[in-house]
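Shared between the two complexes below is chain A, which pairs with chain B and chain C, respectively.
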Partner chain A sequence: VAVGDAVPWQVVDHYENPRNVGSLDRNAKNVGTGLVGAPACGDVMKLQVEVDENGRIVDARFKTFGCGSAIASSSLATEWVKGKTVDEALKIKNTDIAKELCLPPVKLHCSMLAEDAIKAALADYKLKQDPNKEESEKKA
Partner chain B sequence: GRSGDGGDALRPLYMDVQATTPLDPRVLDSMLPYLTAYYGNPHSRTHAYGWESEAAMEKARRQVADLVGADSREIIFTSGATESNNMAIKGVARFYKSRKKHIITTQTEHKCVLDSCRSLETEGFRVTYLPVKKNGLIDLKELEAAFQPDTSLVSVMTVNNEIGVKQPIHDIGEICRAHKVFFHTDAAQAIGKIPVDVNDMKIDLMSISGHKIYGPKGVGAIYVRRRPRVRLEPLQSGGGQERGLRSGTVPTPLAVGLGAACEVAQQEMEYDHKRISQLAERLVTKIMSEVPDVVMNGDREHRYPGCINLSFAYVEGESLLMALKDVALSSGSACTSASLEPSYVLRAIGTDEDLAHSSIRFGIGRFTTEEEVDYTVQKCIQHVKRLREMSPLWEMVQDGIDLKSIKWTQH
Partner chain C sequence: FCPGCRALQPPVPRPDLFRLMDCDRSFRIDAQQLQRRFRSLQRAVHPDRFGRRPPKEQYYSEQHSSLINKAYQTLLNPLSRGLYLLELKGIEPAQETDCDADSVFLTEIMEINEKLAEPKNEDILEEIETVIKVKQEELTKEVTAAFERDDLQEAKKLLAKMKYFANLEDKLKSKKIPS
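And then the complex of A and B:
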């Protein structure tokens, strides 16, 4: 098999041995849901986090419509956020995801979308904890 | 398909015949003498090496001509259909440019046709790119309306390489004759698979590809009508070989291979077509009976059966290809093209963008077995179901959400 365009085994592994595929209860107060991307672009990621009373992420789930690299990026994102606090998880960078999965340049946007998904999920969680803060910020 | 370490490693099943085909063993047999002992230049006039190569080349020319109902003097060997398409479009346009500056083609042509037209536009020619209907066929009324007093050429492919649709070549030929405009067709995916007759179909120029019909790569041909005479400006200058239309030594072994491939195809056409139709029907029926929300792209009836393009809603094409690692297939998905744009052919037939990202092309050929089809179908069903379980779009649809109502973020 030619080396050039072969899918990195790290990427294939996330499909063949899925971790954290699924859904959490989006209506639960301690669950944050991020939905990023667009079907027209061929990439949609839904990433959910469950946060405990100490602000630590205790569970995460994902579902992705996208290529192997997109699936792997979002899958890896759910693995990495588990056990981190919300602030720690916000520091996860797309470059780290891309490096871990050996993504070629043409697939870097998949890791960027995964980073966006983490941020969107955490933003949703924060909003649920303090909706009044958002309201007052809007009025200002 | 395990990773290639040579030796006993299994290779994927080959279901990508529109991309290329394996050499038919009979074609290889015909080529071998010319790759070994009979290596003369077919244009050498002064010795047996030249004479025997020339004889082989002329025999091959007749074999190609016979397949399409042409005279052998109307067949010119080229390096492939890309070159033939370039010759036809640029050659005819430039020859008649003093009086004719307009060309008509379609939006679903192969890149080499579209790019040749673009190139001519920079030279001052005008090009009409006809749209296609949702089924992939052109509207004959729109073709009629597109003619202008200075139209020199109409170029419409016979069978589309992505979705397999067959254009109404007979009708197009009639219309072009009535308007006294030359008709070129890229027949790379049609030759040797469906009957093509240049007189019956009033074709003036035709492109032929070796490696799509179980012949060698690196060779093709162009048919150029002699009565009425089609003139074209050569692309390649040199010693005047091939009636001055395509200079360069004709590669005898490749030409012999192309000829043999054409003769074999003529013999096998009916049997192949029947068998491939049955296998195609089997593949489509099995998949569609097991998996909901699958769309076949392109007209159901006016098609070549061996090229099946299916969109699996809510599943992205490249992920499905990755999952089907034991089968060699291709996709209209953006991820598998160099740009991140999905297939322009699917866009031309009006496929929704998300469905365009969800398409897979299955190719069934002369050597495809029923077992291979059944294995592919089984794996396809299994992995589509699995990927749908992983798909947020599938989840939303199951929950009754209309995806078109969502405001998606852009990256």
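And then the complex of A and C:
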């Protein structure tokens, strides 16, 4: 955090009281894991979702190594995906995250990283549910 | 310096840092030559030598000195040197999120970060430091080779990887500083 730049209190809140830090069992069939990185700043973000038999996300965890805005974005993302269906969660946009956290322009890429992490986790979950895809990959 | 009256002139706008430090515009540099050039330039323009000169020259001296510091730091460090070289060649630094294709690499970065985050003793920190150093040296070699065969896209990818390790290096340094 640069000296002199006001950090939005929302970011500080997520940084000091992060929600849902941790891991889920990545080998569980109903757990999707997204692992993404931002090459420009070197931040890494892991986001995991646990989905029930009705396609609804019942739990989410994250681990992020990077700036406060990246941590806050992923923390907020785990809060938002809980209770949503997979398709609803796919609709979460980085602009919504950035707005909620009052991210300054220079930190908008952090919210984009969180959106990408959600999508990666859900894509991983979907892949695990679809045996057909595994079949075609075996043939390839 | 003005050839006529020997007064210090302002630095040129948007200077080429390689030219300023008298280095070839390439990734391979002679670190000792760079350091010698840095010192000799600072001897000529450092604000300490301009205490009795007119305010305008004092101001230019600060600008020159600061620019020379920036040039030296940029060219000395392989990551910043590589990124600067890409910039000069018109290549934008990597902006897109890394994901699927790089999951092995990202997993490795994640694991080192997690190890670093745990409370640690000195020995383990040393181990992690060695791992990071080795990786950085490997990547620097690969970047050198990429630039040499003018494979700028590969250089860009490798420099992105170096950024992750640079962050780890910074985190480790701050862990070593007793609080």
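Throughout what follows, the second predicted complex is superposed on the first by the 124 of 140 C-alpha atoms of A that agree within 3 Å, B and C clash if a C-alpha of one lies under 4 Å from a C-alpha of the other, contacts with A are read in each partner's own complex, and residues count from 1 in each chain.
What we mean here is this: a contact is a pair of C-beta atoms (placed from the backbone, for glycine too) under 8 Å apart; a residue touches a chain by one contact, two chains touch by 3 or more.
Since the model is a prediction, treat every value here as computed from it, not as a measurement.
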Checklist entry - For the overlay on chain A, clash or fit between chain B and chain C? => result clash
Next on the checklist: With both complexes overlaid on chain A, does A:Val21 touch chain B (first), chain C (second), both or neither?
Outcome noted: first
Checklist entry - Regarding the shared-chain residue A:Ile71, is it in contact with chain B (first), chain C (second), both, or neither? => result first
Item to check | Which superposed partner A:Gly32 touches (first chain B, second chain C, both, neither) | outcome: neither
Checklist entry - Looking at chain A, which partner touches more of its residues: chain C or chain B? => result B
Checklist entry - So which bit of chain B gets in the way of chain C here: 59-67, 311-319, 329-337 or 365-373? => result 311-319
Checklist entry - Of all the chain A residues, which ones make contact with chain B and with chain C? => result 35-44, 46, 63, 65-66, 109, 112-113, 116, 120
Checklist outcome for this item: Contacts from chain A onto chain C in the complex sit at residues 34-44, 46, 63, 65-66, 109, 112-113, 116, 120
Next on the checklist: Residue numbers of chain A touching chain B in their complex, please.
Outcome noted: 1-2, 6-7, 11-12, 15, 18, 21, 23, 35-46, 63-71, 106, 109, 112-113, 116, 120
Next on the checklist: Quick check on the complex: what are the chain C residues that touch chain A?
Outcome noted: 93-100, 102-103, 106-107, 109-110, 113-114, 117, 160, 163-164, 166-167, 171
Checklist outcome for this item: So, in the complex, the side of chain B touching chain A is made of residues 1, 3-4, 314-316, 318-319, 322-323, 325, 333-335, 340, 342, 353-354, 357, 389-395, 403, 408-411
